[in-house]
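Each of the two complexes below includes chain A, the first together with chain B, the second together with chain C.
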Partner chain A sequence: MAHAVPRRRSEAGRARGVQRGAFVAAFLLPATALYVLFVMWPVAQAFIFSLYRWRGVSMERTFTGLGNFAQLVADPVFLRALSHNLALLFFGGAVILCVAIAVSHAIHTEGRAARALRAVYLFPQVISMVVVAVLWSFVYNPSFGVLNGTLRAAGLGHWALDWLGSSRTALPAVGVVFVWHALGFHIMLLSAGLRTIPVEVTEAAVLDGAAGLQRLRSVTLPMLWPVLRVSMVYLVIGSLNTFALVYLMTVGGPDRSTEVMLTYLYEHGFKHSEFGYATALAVANFGIVMLLSGAVMAAMRRDPTEGSPA
Partner chain B sequence: MRLRWHGVARRAGAAVVTVLLSVFALTVILPLVWMVLTSFKSSHEIFASPWGLPPAPRWDNYVQAWREAGIAQCFGNSVIVTLATLAALLPIGAMAAYVFARYPFRGARWLFGAFLGGMTFPLFLTIVPLFLLLADLGLSDSLGGLTLVYVAYSLPFTVFVLTGFFRTLPADLLEAAMMDGCGHAAAFWRVMLPLVKPGLVVVGIFNAIGLWNEYPLALVLLSSDEVRTLPLGVANLMMVEHYQSDWGALFAGLVIVMAPVLGLYWAFRDRIHDTMVAGALKG
Partner chain C sequence: MRWWVCLVAGVLLSAGCGRARHAPERGASSEVEVAVFKGGYGIDFFEKAAREYEAKHPGVKIKVWGNPRVWEQLRPRFVAGSPPDLCYPGWGLDHWSLVYDKQVIALDEYLDGPPEDGTGTWRETFEPSLLRLGQYEGKTYMLPYFYSINGWWYDRFLFEKHGWTPPRTWSELLGVCAKIKAAGIAPITFQGKYPAYTVSGFLFPWAASIGGQKAVDDAQSLVPGAWKSPAMLEAARRIKELRDRGYFQAGANGMSHTEAQMEFVQGRAAMIPCGTWLHSEMRNQLPPSGFEMRFFLPPVIDGGKGDATAVCIGIEPWMVPAKGRMREHAIGYYRYLTSLPKAKEFVEQKGTLMAIKGSDNAKLPPHLVGAADAFRRAKTVWSVEYVQWYPKLGTATQNAMAALMNGEITPEAFCQRCEEAAEQARNDATLPKHRVQRD
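Our next item is the complex of A and B:
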C-alpha cells in the first residue's frame, strides 16, 4: 500500500490541482467582475473620453486628441479653481499640520487626556460631509448664524459679515471648515506615528534635559518624518479632491470665488453634459494629485536633520 | 529650592497644555452641540438667540422632518442600500481576501495590486464614465444600481483589511479541515470564515458608516425623489427650506443623519480608530 501511493499521486495531485484552480477562480470571480466592470473599466474609459469633444447625451463625439487639455490650460475658471485648491492645500494644510503636530505631541505623554480626546477629535471625520457642510453654512448664516450671533453678543457687531455671501471672505470661510473636518484624521495619523517611537528614545531625551519644544525638535519630528510624509500626501489628496463641502456651502460662488476643480467638473459634466471636457478635467485633476504627491514623497524622502554635518 | 520651582513650572506648563487641549476639544464639539440645540427650537427662537436654550424642546421639528419633509423615505432608502451593500460586499470581499491570503497563484500579486490601486483612484476620475455606464446598463436612478457601485468601490478597502485577518490564521487549521474531508469551499465557509468574525465586524461597521454618509455617487447616479438616500434628502431639504424657512426641521434632519453614525462610532470607537490607522498607513 505504502508503495502504491507515490505512483498514484501524480494523477490525484493533478486532479487536486485542477480542483484548487477552480476554487481560486470561483472565489475571485464575483469581486473581480464587479471591480473590473465598475472601477477598472470606467478608469480606462476616462482616459479615452478625455480625448473627445462630446456634448449632450447624443452618442455623437469627435476625436480632438489633447484639444480638451489645451482648452483647459487656457480656461481662466479652471485655473482659478485650481488656485483655490492650492490655497486650501497650502494655507489649510499648514494650519492642519501645525495644530496636528502640537496636539499629538501634547497628548502623547498623557494617556488619559489622549484617550478622552481621541474619541472626540474624530467626530467630524465620521459624520457625513453633507452634515458638516450644511451645519457650517448655518454657522456662517448672516441673520441667525451662531458666528455672527456670538460676535454681536461680544459687542463686535461691526465684524458680523455675510461670510459665505461675499467673495472676499467665502474661500477663507470654507477653508476653516476644511481644516475643522480634516484635523482629526491628521492628529490620528501623527499620534499613531508617535506611538511607534520607542519609549527609551523619549526617556533618553528627557534624561538629557530635553523638554517640551526641545523634545519636539530633537526627537519627535525626526522620528515622525515618515508619518508626516504620509500626512502630507493625504493633505494633497484631500485639498485637491474637495467637492461636497464647496458644492453644498457655496456651489463655487459667489462669482466663482470658491470654485474648486471638482465643482467645476460637476458643472460641466452634469449640468451641461459636456462629458469630454468634464472627463478631461477629471484626468487633469488626477494627474495633478499624482504629480504633487510624487513631489511631496520625493522632497521628503530624507529626513533633513539626519546626516547633516552638525 | 530650584527643583521645587522647576516642578511648579512644569505643572503650570501642563495646566496650559490641558487648557489648550480643552479649547481644541470645544471647537470640535460646540458646532455639533449648537446643531442639536437648534434642532429643538422654533424658527422664531433660532432667530431670537442663536445660543439660547429652547424654552421647551420642540420634538415637533423631528415629526415635521420625518413626515412632511420626506426624511422617513430617505432613511428607509439609506437603510436598504447600506444593508444590501454589506450583504453582498462582505461575502464577496471575504472570498477574494481568503484566496489572496491563503492560495498563492500566478498573477496573485498583480491582481491584489490592482485591487489596492482602487484605493488611490479618486472617485471623480470615473464619475462621468460610471454615470454613462449605468445608463447603458439600465441601472441609473435605481437603488440596485447604486448598491452594485457601492459594493465595487468598497471592495479595495474590504479586501485589504480582510486579507490581513486571514493571514493571521494558523496554517494547520486549513489542513486539519481538509483532512476531515472538507473541500476548499467548505473549509472556508465552515472553519475559516467564522474565525475572522472580528474582522468582518470591523470592516462592516467601517463600511456602514462610509455608505450611510456617501454623497457624490448618490448625487450623480440618483435623480428621482423616491430613491433619494439620506444625505441627498438633507441636502435637498436645505434648498427647500430656503423658501419655507422651517429651519428647525432641517436641523432635525441633520441630527437624524448624524445620530446613527455617531452611535455606531461611539460603540466601536477603538476598533474603528485602529482600522482607520491601518488603512491610512497601508502605503
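Our next item is the complex of A and C:
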C-alpha cells in the first residue's frame, strides 16, 4: 500500500511517456520512411550494384566482387577526373573564400554601392545551372562571344582564344564559371556570419587599435570560424559533385581536359552501358566526399575563440 | 551525390516496383504500347498511323507516346521487365546491350513473312544496306525507318556569288579553300565539342577514299593494325594539313553542333560536315532569304583506291521488346508503318529519306535531292557502326580526334592511341564482337 501510489504515478508517467513517444514518432515517421526509402535504400543498393558487371538494360548481371574497384584505382582517367575536381576545390575554393570574405565585408557597410551589391550578389546562385552553362558558353564563344569581342576591341586580339576548345584553357574557363556561380551562396553564408559578431567585440577591437588586416585576422575570422567550416564543407561537396556545368559546357572535353568524376560516371553508365562500373564510381565519389568533408570538419573542429585546450 | 542518388533511385526503385507489380503503367490488356523518340519529326505521324491501324483492326487499341528523352523512361522499363510492345528509343539508349541481354527479339521470322501489301516478303521491301545495320550473328534485331546521309554542306547562294563550286576531289578542295579564305570566310567549320562529326565527316571518308572501303571496315571490325593502317594515317595527315593551312574555322574545336552549324548558316563558314538532319535541326535559324543549303559528298582523295560514290548513312532503329505482351499487333503496326504508301507519306511530310525501297519517288525538299541522288548512285553504302558496337572505343577515338583537330597530337600519335583503344576492345572478353557486313 505504501508504495502503491508512486507505482501508480510511474505507470501514469510511463503511459504519458509512451503517448508522447508515439506523438513524436508520428511526426518523425513519414520523413524517416521517405528518407530510408528514397535515400538510404538506393544508396545501399548502389553499394550492392557496384559489385556487379551490369549493362543497366535488364536485371542480367554478373557478380565480380571488388573487380570494379580494382579497375577503378588503376584507371588513369578516373584519377585525372579526380584531379580536376580537386583543382576546382583548391583553386576555385580559395578564390571563392577570399572574394566572399571581401565582398561580405563590403556589403556589411552602408552606402549606395554596398546596397547595390547586396541586391545583386545572389543572382548567379538563383539562375539554373543549365542557364548558367549556356550563358557562359556564349560568353566564351570564339566567334561572337563577349569575351573575345572585348579582347579584340581592346586591341588584345592575340589573347582571344578558343577558351572551351583548347585543352589548356578549358578547365580554367569552366573554373571561372564554377566560382561565379558558387560565390553568391558563400557571400550569403559569410555575411550572415558577420552579422552575428557582436558590435561590442568589434568596437572593443577598434578601441584597442586593431584595424584592417589585423582585425580581420584576430577578430573577424576567429568569430566566423563555425561559418567558415560550413562554407568549406559546402565547397568540398560542390566541387566534387560538379556535373551539369561541365557536362553542358564541354562534355568533359576536349580530350578529357575537363573530365570530372560525375561526367566520367555518366559516360560509363549511359554511354558505355557499364552501370556496375558507374555505380562503383558513385560509391568512390561518395567515399571521397565523406572523407574530405570529414577531414575539413576535423581540421576546423577547434574554435579559435574558445582558447587553447589545457 | 544528390545527382547519383536520384539516378540510382530512379532505376532501382522502378526495378523493384516492376518486379512487385508487373507492368504497372499498362492500361487495358489489349492495348499495344508504342514508345517513340520525339525528335525533329515529332510523333504525330505515328499517332495518325495508329488510328488508321485501329480502323483496319477493330478491337485493337494502340497507344503511342513519346518525348525527346524517351530513352530515360525506357531504360527503367526494360530493367523492370515491363517494356512497351514496340520501341523507337532514339540515339540515347545502347541498342546492342538490349540485344546481348536478350531484351529484344529477332524479327527474321516476320521479315520472311508477307509485307503489308504486295507480294514477296517484308524483308524485300527494305533497302538491304540499311537492314544489315540491325543484324547480329545472322539475325535481325532492329529495323530501320527513316535514314540520314552524312556528307558536306554548302550554301548555294554564297558559292554562286563568288563563283565557287563544291569540291569533288582533294585538289579541288584545296583550291576552293584558298579562294574562300581569301574572301575572308572560314572555309570549313565543324562541331568540335562532339568529335563524332569529324570522324564521319573527315577521317573515315578519306581513309576509305585512300585505302578502299576495307580500310574503314577493318577499323570498325577491330582488325589488328587497322587503326594505324597507311590509309588511316594518311587520312589523319590530310586533316592536319587542312588545319596547318588554316582552312578550319578558328575556335571550332570548342563549338557545339548548334554553334558550328550557326556559323555555317550565318555565312561565317562556307562548308560543314553533317547529316541530312541539318536542315530540320537549323530550321528556326535559317535566314529568310539568300541561303539554300546543298549537299555534296566529302571530297575524294586524288588517286585513292576507294569508291568515289560511297555514301555514309545512319539509322535510328525500331525494336520489339522480348517482354512486350502484344507482339503480333506491335509488329503488325510497324509493318503498316513501313508500307510503301506510309513511307512515301513520311518522306513528303517530314522531308527525310526512308529505308523503304521506292519511297524516294516522293517529292523531296530541295536540300535533300542531292543526298538522295548520291544514295541512288552509291555503289558502296556504309555507316559508322563501331561507336554503337564498342562505345568505349568510340569515346577513345573521338577524344583522340579532338586532340588531333586541336593540333595537340600528331597523326602518328592519333593512330597509335586509336589502335591501343581498339586493342583493349579486342581483348575485352565481356564485349560481344561484330564485323562490318558486305555483300
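As a working rule, the second predicted complex is superposed on the first by the 255 of 310 C-alpha atoms of A that agree within 3 Å, B and C clash if a C-alpha of one lies under 4 Å from a C-alpha of the other, contacts with A are read in each partner's own complex, and residues count from 1 in each chain.
We take it that contacts are C-beta pairs under 8 Å (C-beta built on N, C-alpha and C of every residue); 3 or more make two chains touch, one makes a residue touch a chain.
Because the structure is predicted, anything quoted here is derived from the model rather than measured.
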With both structures lined up on chain A, is it a clash or a fit for chain B and chain C?
clash
For A:V131, select first, second, both or neither according to whether it touches chain B, chain C, the two together, or no partner.
first
Looking at A:L122 after the superposition, I want to know if it touches chain B, chain C, both of them or none. Which is it: first, second, both, neither?
first
Comparing the two partners chain B and chain C, which touches a greater set of residues in chain A
B
Does chain B (first) or chain C (second) touch A:F38, or do both, or does neither?
both
In the overlaid three-chain picture, which partner chain does A:K271 touch, first (chain B) or second (chain C), both, or neither?
second
Which partner does A:A170 contact after superposing on A: first (chain B), second (chain C), both, neither?
second
Tell me which partner A:I237 touches in the superposition: chain B (first), chain C (second), both or neither.
both
Is A:S83 touching anything from chain B or chain C once the two structures are fitted on A? First, second, both or neither.
neither
First (chain B), second (chain C), both or neither: which does A:Q214 touch?
neither
Identify the partner contact of A:G149: answer first if only chain B is touched, second if only chain C is, both if each is, neither if none is.
first
Choose the clashing stretch of chain B with respect to chain C from the list 165-173, 219-227 or 255-263.
219-227
Pick out the shared contact residues on chain A: the ones touching chain B in one complex and chain C in the other.
38-39, 42-43, 45-46, 49, 137, 143, 237, 241, 243, 262, 265, 269-270, 275, 279, 282, 285-286, 289
Which residues, counting only chain A, touch chain B once they are in their complex?
19-21, 23-24, 26-28, 30-32, 34-35, 37-43, 45-46, 49, 99, 103, 106-107, 113, 117-131, 134-139, 143-146, 149-150, 153, 180, 184-185, 188-189, 192, 211-212, 227, 230, 233-234, 237, 241, 243-244, 248, 262, 265, 269-270, 275, 278-279, 282-283, 285-286, 289
Listed in rising order, chain C residues that touch chain A in their complex are 1-5, 7-9, 11-13, 15, 75, 78-79, 81, 92-94, 97-98, 100-103, 192-195, 249-256, 259, 263, 268, 391-392, 395, 399-400, 402-403, 406, 408, 430
Can you list the residues on chain B that touch chain A in the complex?
10, 13, 17-18, 20-21, 24-25, 27-29, 31-32, 34-35, 38, 46-47, 49-51, 92-93, 95-96, 98-99, 103, 105, 111, 114-115, 118, 121-133, 148-149, 151-153, 155-156, 159, 183-185, 188, 209, 212-216, 220, 230-231, 234-235, 238, 247, 250-251, 254, 257-258, 261-262, 265-266, 269, 272-273, 276-277, 280-281, 283
Can you name the residues of chain A that touch chain C in the complex?
38-39, 42-43, 45-46, 49, 53, 55-60, 137, 140-143, 162-167, 170, 237, 241, 243, 250-251, 253-256, 262, 265, 267, 269-275, 279, 282, 285-286, 289
